[in-house]
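Here's the structure we're looking at; comments come further down.
By letter and in written order, the chains are A, B, C and D; residue numbering begins at 1 in each of them.
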Amino acid sequence: MKLQEHRAKRLLESYGIAVPEGYLIRNEGEVLPVTDPVVLKAQVLSGGRGKAGGVRLASSLEEARNAAKDIFGLTISGYRPKEILVETEVDIDREIYLSIVIDRSAGLPLLLLSTEGGVEIETVPEEKIGRWHIHPFVGVKDFMVRGMIERLGLEGRSKKEFDRMVRALWILFYEMDCELAEINPLVLAEEGEIVAADAKVTVNDDALWRHPELSDAEEELTQLETEAREKDIAFVQLEGDIGVIANGAGLTMATLDNLSLHGGRGGVFLDLGGTDDPKKVEDALELMLKASPKVILLNIFGGMTRCDSVASGVLAVKKRLGISVPLVTRIRGTNEKLGRDMLSEAGVIALGSLDEACRKASEIGGS
Amino acid sequence: MKLQEHRAKRLLESYGIAVPEGYLIRNEGEVLPVTDPVVLKAQVLSGGRGKAGGVRLASSLEEARNAAKDIFGLTISGYRPKEILVETEVDIDREIYLSIVIDRSAGLPLLLLSTEGGVEIETVPEEKIGRWHIHPFVGVKDFMVRGMIERLGLEGRSKKEFDRMVRALWILFYEMDCELAEINPLVLAEEGEIVAADAKVTVNDDALWRHPELSDAEEELTQLETEAREKDIAFVQLEGDIGVIANGAGLTMATLDNLSLHGGRGGVFLDLGGTDDPKKVEDALELMLKASPKVILLNIFGGMTRCDSVASGVLAVKKRLGISVPLVTRIRGTNEKLGRDMLSEAGVIALGSLDEACRKASEIGGS
Amino acid sequence: MSIILSSETRVIVQGITGHQGTHQAGAMLDFGTKVVAGVTPGKGGERVKGVPVFNSMRDAVSSTSANASIVFVPARFAMDAVLEAIDAGIETIAVITEKIPIRDSMEFIQYARIKGSRIIGPNCPGIASPGLSKVGIMPNAIFSRGRVGVVSRSGTLTYEIVNALTEAGIGQSTCIGIGGDPVIGTSFVEVLRLFEEDKDTDSVVLVGEIGGTAEEEAARFIGDHMSKPVFAYIAGRTAPPGKRMGHAGAIIARNMGTAQSKIDSLTEAGARIASVPQEIPRLIEKEC
Amino acid sequence: MSIILSSETRVIVQGITGHQGTHQAGAMLDFGTKVVAGVTPGKGGERVKGVPVFNSMRDAVSSTSANASIVFVPARFAMDAVLEAIDAGIETIAVITEKIPIRDSMEFIQYARIKGSRIIGPNCPGIASPGLSKVGIMPNAIFSRGRVGVVSRSGTLTYEIVNALTEAGIGQSTCIGIGGDPVIGTSFVEVLRLFEEDKDTDSVVLVGEIGGTAEEEAARFIGDHMSKPVFAYIAGRTAPPGKRMGHAGAIIARNMGTAQSKIDSLTEAGARIASVPQEIPRLIEKEC
């Protein structure tokens, strides 16, 4: 779960990391009188906020109100900002990049540090990035902090502040089950103060039960995405016309890949997970119908469940809701012949080969 | 560092572990009016306190005063109690044994649990003791606590209390750098309450710098032991007449062992540690003179230092303080011939072979 | 032989009294696995599918000398179950449970390293060596004994491919699903090394997917250390960037983890690439 | 060969600018050790005994490809130094520092296990293979090249015994002091296993002392797995119970760890026991 900037900053603050003074508004009328210059930032989760005009400076109340009005009128990556964070502008001495991520290769958290802050880390040359794995069993150690301070060339107060800050960021990352905790830019302000001018925090979805305090965090989900999450189904909206339901992430992706060989394009990705539970197949079909694809391709590789049970589930949905779009099915496993026969009899296209099913769905779906 | 019982209990309490109500007295006049029966316990570090009469029950003020007077008059393992802990007697439903120690073989903390509390763990049959290693990187886990609770057959409130208590004891053990944290007996009192009726806590001496709050803890050291500690010399009082100074624990023990082959008995064990620093040799000699042995055996295997420097140090002490008891030396290393000659000229017995030196010292020391 | 498992592997089912645990215990027994015990706290003394249930791993191991376990315990309690297995001295622990917090997986995997246990998964279908043993949840019917090793990040996609192999008359030595999470206990590289050393494996099928760099690392190992032919399929060629494709690990982030990058690396390392799963048996038939 | 070290071992001295670090760096160079770098934070760029000093282990390793280190850093900072060495990928780390808190030692030893580093010590004299390399503080003069392996919990007592061997014309393959603390990184058993496998070692001298059960565990290994003769001396036969004899680990507690128990176990395992250190060479001469 990605946290909105204002929420991420509140979290940093609670771990003792300094952030700019600011407040949240939900309409331009909530802008407070401006004494020092302020920056207004659209609270959206997608990238490219700056380019889309979602970040604006203002040095008077009127400017700020106008900027707010403009921002509330934007659509950024399909999403209209509901909130704006209004912050006092920070005096920037230097900008640093600092983040902790999960390094999948090592299976450990990795701290990234660059003297070039304020730009995307992907654009920074490799040799300018310092890397330290932080082992959860030992945490951030003195020698690491020494290395970071040396790399940044910090002295005096900013050295002490950075030391405290980087340890706090690790504790936050660990305790909050983060996948990413990024401060970019981390600003060296006047008199050695260190301030997190922007922050991105992603909390591991699978650990959200440990963090009930995040249950009200906004996620920018569509209606269907919300419904899929409630039913524990992986839902991804794609560009094509063919709705694909399969059990297992790899199999669902493979089905999409196979479609493309025949010119078909997936429009919806629905992964049931490793299960072939007929109830879940029914849920997925219902959800898929709401997404209105041109054709539905159902690909189930059965393990625990017999194919006739899965077929019964499909037919139950068909009976209950009616399925007006063509439904191509490919179900493998125990009793697969029986299942196929049941489906064929009911007018559902039932095939045994994945490739054939993909060809059929592609033909119907067009391209 | 062994903590006095009252201090150990205060520590347990600060980690949320229940201990009996009580207070400390330094003379019998400080006994408070007795309503419920109390137990008076001499605050001494050595074992065998009970057998020596250091633990007494009382159910009236007069009884308590008399008991206190008696206890203050005792000498327990050579030490006169300075304080008595007066505690309300606990209603005992069951007694349990619980401790965490460092298991040297595994190099990990080991939790020991026995349903037979209130007796020395050494006397409990092996099969009645449950053992769980606690890894410092993962701590006490649910499955361990389940296993303990199953072994003890706890239910309801006492189950919950034990769960909380055992995790608290681990945190205490870890945070306080303990070598031993023993609660014996751990009392299951009425209504499922769990109380630490006695407690032994030993803190790792090498970690005391992390625990300045313990700097005023009393240690029952003799004058010489205190002096040795200040000089960073290992001092052990033994039964014989020969004062042995050597550098290195193994070498000092080996010297004592070698003496015994010739009928000699060590009276003082002074280990300088791995060093052959002449200043430390001088300190050790001074300390040894205060312990008044019949003969002193100095055995130095030189590494960093030349033997003539060590010899000079010895002669400096001799000149400064005079050494009335015979001094047998055996110094090996660079310039050893020169060192031996210097010592011989000054009337110090200087030998090259450890065995010869031990024989000589034994002859002088008698047996 | 085969890798990791043998016909003597003695398996404990952790969470045997749950729906999935019970069903899969039965399926493993049918496969020929020596399922010697189950563990569910508080259910000690019961029997499931004829298998004795114990309250703790310690009891189960001391009574049965088991050396492997399979974990069906729900995500919130999975870490404790895995640590319990490690402390009980279990050598091979297949963690089937999905949606375990990454931090928990990270910690039990690191702890296993200290104690010398092997973790497979989490969020994986386990491991099967046809004719010998299965510590996993793959359908029994798809397997046949043979000399192709299969290693995969996926579950059902692996079934699809193994099934296609079997239908083509190509048997398997060992099939292992290493799991679809970002942090897993046994990597492609470790499995490839075992297959390379295994006398009963002639060639290897690698099933990867988008996300991370595990396939690229596998490619490096293949190029540098493998003499046996490798056949690979990478799922997700048509997946868009930035979207989590079912598996927590299957996401193209910041231009990393694309199918193309993986396919290129593997091709360069000498692996044969299938563009759809069912192409794998054809490639093997052509090559071997 | 010899164990653990070779003539190619490349050593970093951690804490090289301190009094002991500087002195011992020189002595190791005199011994023939490839001392390639020193590390003291803030002193990078200096030279000590001709050896370049770096601010961090990472810098030192990337500049010199070192694979071993010796730690002279004061007790309060020793854990950080050892963790830094481990993270820098050092294979063999000899921790000379004494009075390190047990908890710290425990943690860096466990961490080393995760990362595959070997810790020798703490509170130990290190390791020396005459003619090849020394990563330790034993006096150079006592050694001579030969085929007896020496393993000891003690420091100076080891010097005494090695010196006696050399004077008797008995050379050593490798001498290792495993340290006198209750928790140490490399045990008697691990060293014995290495000596048993080492082609350049014919027999082994084990120097133990009271406290703990390490010698009893060694005896079990000797009885079960060693073909080479073992000669042992146990210090502390005359030590009273309950007193800490210099070493933190040398204490007879609760009737555990007596010299007699150790001598009995070793005798039963077939080791020859010396009653005083200087008896060791005589026993070897008689036997071999």
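Definition applied: a contact is a pair of C-beta atoms (placed from the backbone, for glycine too) under 8 Å apart; a residue touches a chain by one contact, two chains touch by 3 or more.
From a predicted model like this one, the values you see are computed outputs, not experimental measurements.
Novice: Can you list every chain that touches chain C and also touches chain D?
Specialist: Chains that touch both chain C and chain D, as defined above, are A, B.
Novice: Between B-C and B-D, which chain pair is linked by the larger number of C-beta contacts?
Specialist: B-D
Novice: So which chain is the furthest away from chain B, centre to centre on CA atoms?
Specialist: If we average the C-alpha coordinates per chain, A ends up farthest from chain B.
Novice: Measure off the straight-line distance from the CA centroid of chain B to the CA centroid of chain C, and report it in whole Å.
Specialist: Roughly 52 Å separates the two chain centres.
Novice: Taking each chain's centre as its mean C-alpha position, how far apart are chain A and chain C in Å?
Specialist: About 27 Å separates the centre of chain A from that of chain C.
Novice: Taking each chain's centre as the mean position of its Cα atoms, how many Å separate chain A from chain B?
Specialist: 58
Novice: When you check chain C against every other chain, which residues touch at least two of them?
Specialist: 107, 110, 114
Novice: Please list all residues of chain B that touch 2 or more other chains.
Specialist: Expected reply: 135, 137.
Novice: Within their complex, state which residues of chain D touch chain C.
Specialist: 110, 113-114
Novice: Considering only the defined contacts, which chain A positions touch chain C in the complex?
Specialist: 102, 104-105, 107-109, 122, 135-137, 174, 177, 179, 204-207, 209-210, 234, 236, 238-239, 246-254, 256-261, 265-266, 269, 271, 273-274, 301-304, 332-334, 353-355
Novice: Please output the residues of chain A touching chain D within their complex, sorted ascending.
Specialist: Interface residues on the chain A side: 133, 135, 137-138, 141-143, 146-147, 150.
Novice: Spell out the residues on chain C that touch chain A in their complex, using ranges where they run on.
Specialist: 20, 23, 75-76, 98-104, 106-107, 109-110, 125, 137-139, 141, 152-160, 163, 180, 182-184, 207, 209-210, 212-214, 217, 233, 235-240, 243-250, 254-255, 275-278
Novice: Give every residue of chain D touching chain A within the complex, in rising order.
Specialist: Spelled out, the residues of chain D in touch with chain A are 41, 55-58, 77, 80-81, 83-84, 87, 107, 110-111, 114.
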